[in-house]
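Read through the structures below before going on.
Two complexes, one shared chain (chain A), two partners (chain B, chain C).
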Partner chain A sequence: MQIDVKAIFESFVSGLTYLPKTLILILVPLSIGLVVGTSIALVRIYKVPVLSQFFAVFIPVYQGVPIVVALMVYNLIYLMKTNDVLKFFGSSKTIADIDSIYVGLFALSLMMICSISEVMRGALLSINKGQYEASYSVGMTKPQTLRKIILPQVISIAIPALINTTVGLIKSTSIVYAIGIAEILSGALVPSSRKYTFFEGYLAAAIIYWILTILIELLYSYLEKRTSIFKTGKTENKKLWSLKCWRSNTSEKALAEMKS
Partner chain B sequence: MLEIKHIRKSFGRNEVLKDVSLNVKKGEVVVILGPSGSGKTTLLRCLNFLEKADSGEITIGNKNVVIQNAGRKDILDLRRKTGFVFQNYNLFANKTALENIMEGLVTARKVPKKDARNIAEETLKWVGLHDKADYYPSQLSGGQQQRVGIARAVALNPEVILFDEPTSALDPELVGEILELIKKVATKGITMIVVTHEMTFAQDVADKVIFMDGGVVVEEGAPKEIFYRPKEERTKQFLAKFIIPDNMYYI
Partner chain C sequence: MGDLFSADRLVEEFPKLIPYLIENLKVLLWATVFGVILGLLITGVRMKKIPILYQITVVYISFMRGTPMLVQLLLIYYGLPAFIDPILGTNISREWPPILFAYTTFILNQGAFLSSIFYGAIKGVPSGQFEAGLSVGMTKLQTFRRIIAPMAVRIALPPFGSDFVGVFHNASLVYVIGVVDIMGRAKSIGSATGHVLEAYVIVALLFIIFSMGARALFGFVGNKLDYANIKVR
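This part shows the complex of A and B:
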C-alpha cells in the first residue's frame, strides 16, 4: 500500500480547521465535569440525605452504559422530541435551528460528571481526617476548611487520574462524528472521501488527537508540579533531582556507547 | 475559667464518658492521666466539639454552651477560644510551617495577613524553628512538626490549649525537647489541659492532676497528693506501673 504523504497533510489541515469544535467538545464537558463532579463527590462524602443515595446508585449504573449507546439514545430523543418540546414552549423554531452539538455536549458532559465525581470522591476519601480536625481546631468553618485545606490537597492527588479522564474525553469527542457533528475526525476525512485516501485521513486524525493529548498531559504535569510541592519537597529540589537523573542517564548511555 | 459539667458521651452502646465534670482556673496546668481507652482523648475532643458530647455543659471564659442546644455559632465560638495539639501533629500538608501558623489567624480570626505573618514568624522563632519557615510538613521531622503544631496553637492566643498525648508519636530521644517546649508554654501563663503518660513531666508542671478510668474521673488533686498519697485503689494500681522504674535506683 502506498501512503500518500500529501494526502495526510491535506487531511491534517482539514482536520485542524475543526479544532475549535473539538476544543468546545473537550473544554465544556471538562469544566462542567469538574464543577458538578466535585460537587457530587462532596455531596456523597458529606452524606447529604437523598442526594447522596441517589448518586450512589445513578453513577455506577450510568457508568455501565457505553458512551456510544448513550449518545445514540440522546440523539434519537433529540431527533424525535425536539420539535414537540419547542412547540410546547410556544417557540417558532424547529429542530433545524438547534445545533446537534448540544447532544454531543450533553452526552460527554454527563460522562465527565460521572467519572470526575468518582475521581474526586476517591481523592477526598484519601485525605486524613486529621486535616479536617486541625482546621476546625484553629476555628475555621467547614467551607473555609474545604477551600483552604482539603480541596488544594484533593486536586493535587486527583491530577494523575484527571489526566486519564481528560485523555479519555479527547478520544471520546471523535464519536460525536457518529451523529453527524463535524469535528476533527470528520474534518480529516473530508479530503479522503474525495480522493479515497481514508487511511491517510485516519492517520492525520490520529496525529492531531495525539498532539492534543500530549498538550493536555504537559498542561497537567505543569499543574501537578505547581500543586504537589508539599508532597515531594520544593520545586527546586525536584528540578535538581530530575536534572541529576537525566545527567546520570545520559552519561550511562554515553558509557555504554563507548564500550560497544 | 473553664468548667465542664456532667459531660456524657457514648459511641453506639459504648458509654465512653459517664458524667464527667471538671474545673480549671485561669493559668492552671491540668494533667489528665489514665489507662488507654479511659476516655481522655474523647473528653478533650468534646471540649472543642471535634466530638459532640451527648449532654452536659461547657464554659470557657465568658462563653457558656449547653451541649444539646449548641448551634454552629456556639461551636465556632468555643473552638476559637481553644487550641488543640494533636498526638500525630496534623499539620496542614499543603502549607509550609509558617503558613500552618498563619492560616488560623488569617482565615478564622481575620488578622491582617501582614500582622499574621509577624506573629507566625515570632512564634516559630519562639519554638526554635525560624529557619524552617518555608518547609512543608513532609520535610520536617516528627519533633519539628510537633513544634509547629504547638506554635500553631500558641499563636492563636487561645484561652486554653488542649494537648492530647503530644509526645506519644515521637521517637524517644525527641520526647524530652517537646516536653521542655510544653513547659515553656506553661510558663507563659496559658491555661492548659494535657493528656500524657510522662509522669515526671506531670509532676513537674501540673497544678492539678486528674486520674480517669472507665469514663469517669476517679481522683483529682495536686500532683503530690495523686503521686504520693493516692486514695483510690485504681489510681494506685495505675501509678504502680510507672513508679517502679523510678524506685529501681534505690534497690
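This part shows the complex of A and C:
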C-alpha cells in the first residue's frame, strides 16, 4: 500500500470545509464553560448553601463519565424523546427539523463546565487570603474585590490549565463523529470512503486538528504574556519594561515604581 | 421514562457487562507500564538534548498532544499495516487482533504525555538542589537518584494521576476499531435487545466508580509522599 499524497490533499480540503462546524463545537462549549464554570467555582468558594454541596458531589461524579459514553446516552434520549417533547409543547416540528449538533453542544458544554469550574476553583483557592482581607480593609465591597483584585490574578494563574482544557475540548470534538454529526473528521473521510484511502483521510484530519491545537497554544502563550503582569510576586522588572504598552495607567504606575 | 429505561434490565445486564471491563483495564495497564518506559526514554533524550532525536521528540510530542485519541487510534489501525507489512512481509491487519492496535496507539500516546509530565517534574525541582548535591561530593548520578528523583516523583504524581484517569476514559474509544470492550459489548447488547440505555448507564456507573477510586488512591499516595511540606512547617 502506497501513501497517496493527492488523496491526503483532497481529504484535507474536504475536512476544511467542515471547519465552521468544528469551530462552533469549540467556541460555544468554551464560552458556556467559562461563564458557567467560573460561576460554579465562585459558588463553591463562597460556600453558597445547597448549591455548593450539590456541585461538590455532581462535578467529581460527572467527571468520571467518559465523554463518549455521555454522548451516547444523550443521543439516545434525543432520538427517543425529542418527538414526544415537541408534541408536548404543541410544536408541529419533528426530530428531522432539529439539528443533532445540539446534542454534541450539550455534551461538550457540560464537560467544559465541569472541567473549567475545577480549574477556576483551583486558581481561586491558590489566591492568598490576605488579598481578600487587604481589599476589604480598604473598604471595597465583595463584588469590587472580586472584579478588581481577585479575578485578574485568577485569570493569569488559570491560563496554563485553560490551555490544556481547550486543547482537550478540540480533541473531544472529534468524538461527536460517533453520533453522526458532520465535522472535520467525517468531512475528511468523505473522499476516503469513495476511494478507500482511509489512512490518508485520517492523516488529513490529524493534520487539521494539529494545526488548530498549535494555533490555540500560540494564542494562549500570547495571552499568558499579557496577563503575567497580574501575577503576584512574580512580575519582574524586565517583563514590565517589555509590556509598556499594556494599559497606559498600569505601565505608568509600574514605571513610577521602578524609578523610585 | 417508560420503555426507555427499566431497573430490571439494569440489574439483568450488569453481570453481562462486567467481564468486558477487563479489556479496558488491559489497555490501561499496557499503556501505563510501557508508556512509563517510553516516557522515561523520551525524557532522557530531552534532558540530554541528543541532536536529531531531540527534534524528533519535539514534533512527536506536539503531534500526540495535538490530535484526538480517536484519530490516532484509527490512524494506527489503518496506517500500521502499511508501514510494517512491506518490511516484515506480514499481513497484520488480518493477523493481529484489534486490541494490539489499541495497545500500540495507547503506548505511543502515553509515551508522549508521560514524558512531558516527567520532564516538567524534573525541571520543577529547583536547580539549587542539584548544585547542593554536587557540592557535598555526590556524583551526578547519585544526586539524580537520591535528591532529584524523589522530589520529581512527588511533583509528577498529581498530573500522573489525572493522566491515568484520562487514559482509562480514552480506553472507552477502542470499540471504534472493533475491540469488544465494555462499550462494544453495550452496543451489541443494545442491538440484540433494542434497549441500550441501561447498558450505557451501567458503563457510566462503572467508569465513575473507577475514576473516583483512582483519584482517591492518587490523592492518598500524594499526601503520604508530601514529606517536603510537613518538614517545612
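Observations, loosely collected:
Going forward, the second predicted complex is superposed on the first by the 229 of 260 C-alpha atoms of A that agree within 3 Å, B and C clash if a C-alpha of one lies under 4 Å from a C-alpha of the other, contacts with A are read in each partner's own complex, and residues count from 1 in each chain.
We take it that a residue touches a chain if its C-beta (ideal position, glycine included) is under 8 Å from a C-beta of that chain, and two chains touch if they have at least 3 such contacts.
Source: prediction; values computed, not measured.
After overlaying the two complexes on the shared chain, residue contacts for A:Ala206 are found with chain C alone; chain B is out of touch. By the touch criterion stated above, A:Leu27 is placed in contact with neither chain B nor chain C. When the two complexes are superposed, the chain touching more residues of chain A, out of chain B and chain C, is C.
In the superposition on chain A, contact of A:Ser174 is made with chain C only, not with chain B.
Applying the stated contact rule after C-alpha superposition, one finds that A:Met140 touches chain B and leaves chain C untouched. Within the superposed three-chain model, A:Val13 lies out of touch with both chain B and chain C [touch as defined at top]. When the shared chain is aligned, chain B comes close enough to touch A:Ile149, but chain C does not. In the superposition on chain A, contact is made by A:Val69 with chain C only, not with chain B. Note: no residue of chain A belongs to the chain B contact set and to the chain C contact set alike, using the contact criterion stated above. The residues of chain C lying in touch with chain A in their complex are 4, 62-63, 65-72, 74-75, 78-79, 81-82, 85, 169-170, 172-173, 176, 183, 196-197, 200-201, 203-204, 207-212, 215. The residues of chain A lying in touch with chain B in their complex are 128, 130-131, 133-141, 144, 148-149, 152-153, 156, 229-234.
Listing the residues of chain B that touch chain A in their complex gives 48-50, 76, 79-80, 82-84, 86, 88, 90-95, 103-104, 107-109, 134, 136-139, 152-153, 156.
Of all the residues in chain A, the ones that touch chain C in their complex are 1, 3, 60-61, 63-70, 72-73, 76-77, 80-81, 167, 170-175, 177-178, 185, 198-199, 202-203, 205-206, 209-210, 212-214.
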